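Contents: one structure, followed by commentary.
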Amino acid sequence: MIGPAVSIRNLEKLYGPVPALNRLTLDIAPGEFILLAGPNGAGKSTLLKTLALLLRPNSGSIHLFGEDARQGDRTAIRRRIGLLSHQTFLYDHLTGLENLVFFGSLYDLPDTEGAAREAIRGAGLDGRGDDLVGTYSRGMQQRLAIARAFLHRPDLLLLDEPFTGLDADGSDRLETHLRGVRDTGRTCVLATHDLPAALRLAGRVVVLAGGGILADRPASSLPASELEALVRAAARPGTGPGALR
Amino acid sequence: MPARRGILDLAQTILFALILVLVPICLYVIFAVVPTESRMGVIQRIFYFHVPSAICAFLGVGVCAVASALYLWKRDRRFDILAHAGAELAVVFCSIVLISGPIWARPVWGVWWTGEARLTSTLVLWLIFVGYLVLRGSADNPDQAARWGAVVAIVGALDVPIIYKSVAWWRGLHPRVLKATGGQGLDPTMERTLMLCMLTFVLLFTYLVIQRWRLGRLQDEVQALLHTARRGPAPAARA
Amino acid sequence: MSYFRTVWLVAAKDLRTELRSREQVVTLLFFALLVLVVFNFAFDFTIIDFVSLGAGILWVAFIFSGVLALGRSFQIEREQDRIQGILMAPIDRSAFYLGKVCATFLFMAAVEAVLVPVAVILFNFPFGPRVGAAILVLVLNTLGFAAVGTLFAAITTQTRRGELLLPLLLFPAAVPLALSAVRSTSHVLAGHPFDRYASWIALSGAYDLIFLTTAVLLFDYVLDE
């Protein structure tokens, strides 16, 4: 039997005296595509940062692929996590290829150069790999950013508002790409305000409020209108987990 | 918790009572008992404020640095609040040193400011900890303020002896003001007065640290309450 | 991956992007030259002891341009959240720090390589045979400045008042280095024997050692939330 990809128990993160995550418990099975929904300040980005090992929680436990992410080998876990956000992470003054080689080298890939060239081709950037990223169009940068996030073939993909700032075309392309990723059996956690697109991708929806879980349902049983109502309800003061149970 | 609070209350009351008694005694001794220094005259009496303030400033830096290290190690907010209290008091007492120093220097050395090693080091120390307070104020949340403040405080505290050494070498060592005055060391009455003032200042410092620390704890409580008021009651763990 | 390969990867990436944004490098260099020229006007070098004053002005120019370079180096990492991309990677945070220190050090060294000859002409510095001693002084003091500067810049660029805060924190903390640098530089320029300023060299060396170690130990706390 395969254990959960992500296992969070009573996770607590305080910003000073104020909790951002409030004893949150969540399991994610391998291959699941989770949508994290909720209003601003509900704890979406804090949870995502915790999963990305960018943030040290105050208490509780977090296991990624069965490995303790607080005391265990964080470097080994990092190899299996990828992050794609609405920011590209790319350096304008490096070429597309140099960007991928730089990040690939940080992951110590066996054939960084080859992997980078292949990724450039995969992103449809043939012939532009040796141009500075600063000269790329928004769409090209986005494709390169996606290629960068997948360069080390992460098992867990974290998506932080990836649709923000994209035109309709870019959104469609990203959605298609993410569908492909989902179908390869990778685990994905998507935090976004763009609920309709996210609902088409996600298998399970987790609505956060006040740093805890307000609702946790299969996406198929949750129409967009109902989810939007849930998120609005979560934004009202006094709403915490259990309020709707 | 109530027991701890009771002990703190008691300590504070005792300290307050002691300070209330000691401060008038100090003032009386400084202005009516201790003999006037033969060469510098009346102005020398400022040293009974100046030197104890310097001691308190260094105590503040020490408290801040140790509490900062403990915070980074344990990640306990209470250490951060203590570090913040130490830094604020370090700035306050440094300011007293920096004001009283030139007032003394003007009639005695003929200038307001010289490159005297201790005075200059104190100025640099003051600048570092003012920077610390500004940095804390520029952070987006208390967590950042605590982490970044702790790093700066540790670097700053480690820097203190190096700064002192470098400034002393830069200017060449100046005569030790107190040792030089009495010929062979300090007049016994002067020394006892200085000791009394130091004791009073250190007690005052301790009282202020406790007071400031408790204020910080209250601020935290208010923040948490405000958050709860806006967000609703703290949610229970998910079933 | 080996620790030092990561250090070098980060440093090489920084130097490459720095060199590619030529206008930035040129602007910074002109700024540093301007500092020299302005001070050259401000003081009458025929009547003032030009050796110690010139050494001071030279280091003011180095330190000012160093602060600007540091702020910019981390500003680049903040834009587009690039630093998150790096922090996600399976590398030691301290390797990233040391890479940044290397890049800052090499960049400042390049600025110094341009400024020193200019200062020799502008301030009529004696052109002595003490090149080795001069390089030692430059290396030790630049390294210490880069070490503390990188630690502080990583903090201040995350705040709202970053560009103002960096000098506010860094200048006081770097006072020992500044004093040591100016004194040893003027000794070198005056052609004094090494043991006249050996204690200053030792002070700078100790500063470098203490703060490089401290920063490596503390850097995790600067970036991990």
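The chains carry the letters A, B and C, assigned in the order they are written, with residues numbered from 1 in each.
Everything that follows uses one rule, which is that a contact is a pair of C-beta atoms (placed from the backbone, for glycine too) under 8 Å apart; a residue touches a chain by one contact, two chains touch by 3 or more.
Worth saying up front: this structure is predicted, and the values here are computed from it rather than measured.
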Any chain that touches subunit C and subunit B: A
Chain at maximum distance from subunit A, centres defined as averaged CA atoms: B
Whole-Å gap between the CA centroids of subunit B and subunit C: 32
CA centroid of subunit A to CA centroid of subunit B, Å: 47
For subunit A paired with subunit C, centre-to-centre distance based on mean C-alpha positions, whole Å: 38
For subunit A, residues that touch 2 or more chains besides their own: 56
Contacts with 2+ other chains: residues of subunit C: 225
Two or more partner chains touched - positions in subunit B: 143
Contact set on subunit B toward subunit A in their complex: 75, 77, 141-143, 145-146, 220-221, 223-224, 227, 229-239
Sites on subunit C touched by subunit B in the complex: 148, 151-152, 155-156, 158-161, 165, 168-169, 171-173, 175-176, 179-180, 183, 199-200, 203, 206-207, 210-211, 214-215, 218, 221-222, 225
Touching residues (chain side subunit B, partner subunit C) in the complex: 72, 124-125, 127-128, 130-132, 134-135, 138-140, 143-144, 147-148, 150-152, 154-156, 158-159, 162-163, 165-167, 169-170
Residues on subunit A engaged by subunit B in the complex (per definition of touch): 10, 14-19, 22-25, 41, 56, 58, 209-213, 237-243, 245
Residues on subunit C engaged by subunit A in the complex (per definition of touch): 1, 5-6, 9, 13, 16-17, 20-21, 76, 80-82, 84-92, 224-225
